[in-house]
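To start, the structure itself, in structure tokens.
Chain IDs A, B, C and D follow the sequence of writing; residue 1 opens each chain.
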Amino acid sequence: MLGYVLLLLIGLAVVSYFFARRRAIAAVQGKEHELHSRPSYHGAYVAAWVGIPSVLLVLVWLLLQGPVIDSLLLWSLPIGTTDGMSDGQIDLLLSEIRSVAAGNIFGEPSPVVQEAAERYQSWKFIARWAMAGVAMSVALVGLILASGRISPEFRARHGAERILSGLMIACSLIAILTTLGIVLSLLIEALRFFDRVSPVEFFFGLNWEPQIPIREGQVTAGGAFGAIPVFAGTLLIALIAMAVATPIGLYSAVYLTEYAHPKVRAVIKPVLELLAGIPTVVYGFFAVLTVAPALRQFGETIGVPIAPNSALAAGAVMGIMIIPFISSLSDDAIAAVPRAMRDGSYAMGATKGETITKVLLPAALPGIMGGVLLAVSRAIGETMIVVMAAGIIASLTANPLKPVTTVTVQIVTLLIGDSEFDNPKTLSAFALGLVLFLVTLALNVLALHIVRKYREQYE
Amino acid sequence: MSDAQPIEPAAGAEWNSDKARRRVRRRYAANRRLQAYGIIAISIAVGLLGVLVASIVVTGYPAFVQTKIDLPIYVDPAKVDAEDPASGKYRSLVREALAKVVPGVPENQQRSVGKILTSDASYILRDYVVEHSDAIGKTITLPLALSDPFDQLYKGVIPKELDALSWVQVRWFERMTNRGVVAEHDGRTSLKLDVYIDPATVDAGPPPSGDFDGLARNSLQAYLPKVHDTSQFDMLANDAPAAIEKRVAADPAIVGKTVQVFFSVSLPYAALAKGEIPKITNPRFTDAQLEAFEVIEQKGLLRTPFNWELLFNADSRFPERAGLAGAITGSFYALLICFMLSFPIGIATAVYLEEFAPKNRFTDLIEVNINNLAAVPSVVFGLLGLAVFLGFFGLPRSVPLVGGMVLSLMTLPTIIITTRAALKAVPPSIREAALGVGASKHQVMMHHVLPLALPGIMTGTIIGMAQALGETAPLLLIGMNAFIPSVENMGLLEPATSLPTQIFSWADSPERGFVSRTSAAILVLLGFLLIMNVVAIALRQMFQRKW
Amino acid sequence: MNRIAIAASTLAAAAFCMGAPAFARDQIKIVGSSTVFPYTQAAAEEFGKKTGKKAPVVESTGTGGGMKIFCKGIGEGNVEITGASRAMKKSEYELCTKNGVTDVTELLIGYDGLSVAQSKKGQPMDLSKEQIFLALASEVPDGDKLVANPNKKWSDIDKSLPDTAITIYGPPPTSGTRDAFVELAMHKGCGGLDYFKKQKSELDKKAYKNLIKEKCTPMRQDGPFIEAGENDNLIVQRIEADPNSLGIFGYSFLYENQDKLQGVKISGTAPGFDTIADGSYGLSRPLFIYIKNPHRKVIAGMDEFIAEYTGDDAMGRDGYLHERGLVVLSEDELKAVQERAKKGTKMDAPTS
Amino acid sequence: MDAKVEAQPTVRVQAPVVAAKKRDEASAAQHDVKLAAGGVNLWYGEKQALFDVNLEMFDRSVTALIGPSGCGKSTFLRCLDRMNDVIDGCRFEGEIRLDGDDIYAPKVDPVQLRARVGMVFQKPNPFPKSIFENVAYGPRIHGLATSKSDLEEIVINSLTKAGLYEEVKDRLDDSGISLSGGQQQRLCIARAISVNPEVLLMDEPCSALDPIATAKIETLMDELRDSLCIVIVTHSMQQAARVSQRTAFFHLGKLVEVDETSQIFTNPTDVRTQDYVTGRFG
């Protein structure tokens, strides 16, 4: 039904587009040049007035219809039916009425319910047609009002363009709303968290054991919310990832931009980019099932004990994921160094290697730095790899062979399953999320600033 | 200027000196070194990609075939009513058909032999008969999937027999053999051990009583002094205490003395002594099942066709029936929502910012916002979805609508940024030319710039969609990992799962079939991503214009 | 551009047609323990296939989380059934009562064995619960005081155990498996130690219970015990790759992987369906589902689904739940459960 | 026009010694051929950019290459120190002799060659490093300085010769990019002469500069001519007339005419040259 109404409205808008077009042409007896705006603008203007308000109306109607019918239904029940019933029971009664109306009858529904179900059926019927009717009339009113304005002098193009601009501004506001939503949702929950746990403990505490009982009498550890070990673990894993990704990515980029034959480059570059396209959950499997046991085996043969969920395994795999990120950003940065620099260096009799290490890389350094910073922020925010391959216990260590935990691991472990919003355990996830958001934000702003500065230098 | 003397010594000579040559060689070596580093770096990256893909393919490929049995089934009209085929007694039809192939299975084993077939067999038959009502009264041959353990058995993933003894136990026995205590006694392989009949624990009787078991164990322990593991005592057959008891009964005087006793060894060790490798049947199977399976195999009824069910079935608890259709549909719905929201909104935003927005603080704010959103960790979007869409707006959990909305927020920045880049790439000359003939800004946009930028926009959108398809963390947070055993009831507001979350949940299933299916699902996901990326690259190649 | 706009909006409308919300809910919603989850899934799937109705939506939320959602109230917005790997606690029952969820049926569906397992390539082990406690606890008795767990190798605990590092993968605190393991192995294990025996004789019952709860619950955080996430399969694959490590997980995982893994004996008893069912393996726990009776007449298919779940085909000796690794009830127990299920017998308030 | 070009394939270069004598009173006798190009053909991919160019350039004199845009004069200049090697798809045929040795011979190392043949580009392209490091770059990579003081001496010498030292002596550590355009170009010249090249190639060195900076560079060229063979590509005929002793006119990838500068501007033999220098086209 709803779909048909929407289709009908769209159809109406399309029809009115052609109607208004023709009418505009008719208004000047076919001499189109006498119109201020082209006929199709008249069409678009009218179509917008027909389509947009009526579709918005349908959406609002849909939001309100359910609750309105429900309260009408309750109000229409014989007096005293709902006396002494809890909200849940009333809800259940309504569900029963709806079930009966939908034809799912269990046993013998009471006559009251049966009657109500019939009423519900008919109201729903009415509501449906009323919605169609109202939407249709709004569309028609739009049509009449808007098409009434059609005349040779009418600036339909300005009108249509104003509507379009309005829509575009509304769209660009979504980005702001998203950020606002993120900040607000994180902030509100985080503030509730800081109500119970002091920020001093959170930011400077050395003990992270968020497993407070989720029911009375549950057996768990005490519950401590010092996030330093979590931050340190995140940093350690990100550092390992960068240690893997930066040299490999940078050297790959150097080779691809400066040495590789164009044909080789055309093959290798997309292959490297494939690494970026692989979903992180796949990397997680790779870390757990291939890399971690291999590292452990290697550790055993050289006599170094390596934890099976070591920071090294998670970090190394994350590094692999980041390689294409670094290589493509470095590639861009190196390619952005003007040809004149290369010429200058070659003309001095420098070899390719000298040109790269002494001229191109120093010149591209800000761009590369920006890329590395962006990659760091990515490593910090990466989730699935560490959820699968890193530890859960927050221990404060700088040893990459030991397990550590990260902010994202904690967020996911704290939130999966139990989604109640009222204990510090759940709320701490939002506090961590807030920190994560702010840190990545700062890194991004910094990185973008550096990159932009760098670009300006050569423009 | 009249003097033509060079102010420096003739440089040309210097370039040919030995020193200069050495220096040049060194410089070229450094250059080659750098090149080598580059090649090594690329080899590492590509090699790792290869290892990653290979490890997935190796575990995943068995899941692309499924062992099936071509079972001739007589659709007995007595058990299926032509009027109401849906309520026939299909379970017993399948059992009868199986009994015909494997005759002579005792009554009490029939049920367990029936487990060679997937437990869905009767439903597969039902669905077939409902669709082909003319089959009633005829014998039809249906390809039925084998249940997971037998599928894995046929593919050779799990063995029919296991080693009865671990390597440690074999080593213990070797040690015993080396000490020369293994001997034949009464036609049985036995251990000739010294036993101290401890008067503290043994009462000579008669009848003799005491902890003979302990004595036997202690005597064995004496021969394996450094082994502290109770499973060493499995070496002795069950009658070990009886052997001592018999000796004591025969000669009560040995109490308090050390005597030699022959203990017969348990069966696996006896086999080991004969030079065989002792085997036991894999406890996953019963002997009756294995016998029946052999009969079926010998009759040539088994084959391993391509596993289309993997793509076209919904999820199931039974690996042999589990497929990705539910997850693919769920991902499709979520991506549809994601596309319908992020594509128009993204383009509109990009066009506004690039072409219309005045440069002021407000538009700067929007710009900074978008750049930052592009780098916000995906898990934070999950938190947003959890708090706002589920918590504040009260939308239902696990549904593609919410999943798509969260994904679209993630994809938006990607689309906006690539769209802006594509718009920027359209040279100003085109705009100026259009403006010059009197077009309005909107007209220039709609008629010239957007169509020219469209290939670039599409490329960016597809890449954004591919990212969204592979995204797991935010979907986990909003619970889009429901169990969907049927694709019939799927919609935007029905609980659903998506490909990556399906991978995540299959990975957590105990059944062996899911191990390879998890990898197979990853391959399917990678396949989709590859297709999307190839399309994007093709678009870029096809429409790339040099201005 | 206009044509594209029309096509896009048509697509949108079409999508809405497909996904138009149902007005009365016709799908059962189930939450609860991740241990019960696969069994409920199997029953749900079978129900869907048998009846052609919509299969219930099953979500794994953990026992405690499931209880919280279950006890939120009655009505269409709430769930019908929750699975639990332990009986409902008094506090949870009170929460339910407070929110009007009073008419609840409790069904025992079977038993689940926790198993301690290791790779086949490793040296077979036989541990007592005391040794398990000494390997895993965060604090262990040393003389007459408790000290941070110094045991790094198995041989540190007992000379008879192998001279290899202790590495045990186990479930995180959010999981019901962990709850059960702590109660069944750790608490029992520490109760067997001299130090706690002495305390028992000195303290009154309640104080002793608290002492056990407080001192024997925390698992060590210094490395040998590795909380491996909720994913038991990953634990399986990790211990397979690492012959000297042990893993703690549901018995069904061991059952499925018998060609690669071997059960660690607990005081001489190996894990198996029989030893779990008769309680001799010592790490088994009952599994329950809880049903809201008032929902039965509102949500379509509840009665049929419960009948399916408790039917002989599912919970019987050769039923499909057994095939998935459930340790099934004895015949008498099953009869009683089926009876309760059919009648919707209201559960009694739990005592603890 | 085209037919005409086809009709006279190459302009035979006049005997260099004679030409030199005619032109430069002071040093004509000592002038030797420093660089000699013979039969140079060059293709960018499928497209031929140079057609059988034969040209001799003398030591201690300035040779100017002129011609309309796209005539191949810059391309030819880049052939002289094998800078075309770094361009993909570029194919060279013919020979160029530096002091009689073919620089395209297989044993010749372009890296060493470029140290002997310096180059200055159209747009000043100092490296994004300090002024000192810019000039020290060449000596460093070629190992010309054995000690730090050596290096400093070379840098100061080169900057002095380039006429820049006085202006920047207090800020040698500033970035080369911070200088003005003219200073940057002189810095590039200082960089180029820091390795004692025998030939200096200049590719429109003043096209991005204002007249005052241009004048400074031109003076500098006059001074450098004492010790170097300078080849300059220029767009401006006036500049060619001011700084060069010999001028070669390129058109459509061919060398049309080469002669003493005064001859070219006052009495060209070829009608195209005449049309060009009198401003009929170009």
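In this section, a residue touches a chain if its C-beta (ideal position, glycine included) is under 8 Å from a C-beta of that chain, and two chains touch if they have at least 3 such contacts.
Since this is a predicted model, take the numbers as computed values, not measurements.
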item	value
Identity of the chain that, by mean CA position, is farthest from chain A	D
A-C or B-C - the one linked by more C-beta pairs in contact	A-C
Whole-Å separation of chain centres (CA-atom averages), chain B against chain C	23
CA centroid of chain C to CA centroid of chain D, Å	84
Between chain C and chain A, distance of the C-alpha-averaged centres to the nearest whole Å	33
Between chain D and chain B, distance of the C-alpha-averaged centres to the nearest whole Å	66
Per-residue overlap in chain A, given as positions that touch at least 2 other chains	289, 351, 354, 387, 416, 419
For chain B, residues contacting two or more additional chains	27-28, 344, 397, 479, 507
Overlap residues in chain D, where contacts from two or more other chains coincide	111-112, 115, 141-142
Pairwise chain contacts, counting only pairs that touch as defined	A-B, A-C, A-D, B-C, B-D
Chain C contact footprint on chain A (complex, rising order)	1-4, 6-7, 10, 14, 17, 44, 86-92, 94-96, 98-99, 101-102, 104, 106-107, 124, 209, 211, 214-221, 288-289, 292-293, 296, 305, 307-309, 387-388, 391-393, 395, 402-403, 413, 416-420
Interface residues, chain D side, partner chain A - complex	81, 83, 86, 88, 110-115, 118-119, 121, 123, 125-129, 137-138, 141-142, 177, 188, 191-192, 195, 201
Chain A-touching residues of chain B, taken from the complex the two chains share	27-28, 30-35, 37-42, 44-46, 48-49, 51-52, 55-56, 344-346, 348-349, 351-353, 356-357, 365-366, 368-373, 375-381, 383-384, 386-388, 390-392, 397, 409, 412-413, 416, 440-442, 466, 469-473, 476-477, 479, 500, 503-504, 507, 518-519, 522, 525-526, 529-530, 533, 537
Partner chain A, residues of chain C touching it in the complex	2, 6, 9-10, 12-14, 16-18, 20, 23-26, 60-62, 64-65, 67-68, 73-78, 89, 91-92, 99-101, 165, 167, 169, 172-174, 179, 182-183, 213, 217-218, 221-223, 226-231, 234, 237-238, 241-242, 245, 294-300, 303, 352
Of chain C, residues touching chain B in the complex	1, 8, 11-12, 15-16, 18-22, 27, 38, 41-42, 44-45, 48-50, 52, 54-55, 57-59, 120-121, 123-126, 158-162, 230-234, 237, 250, 252-253, 255-259, 262, 265, 268, 318, 320, 323-325
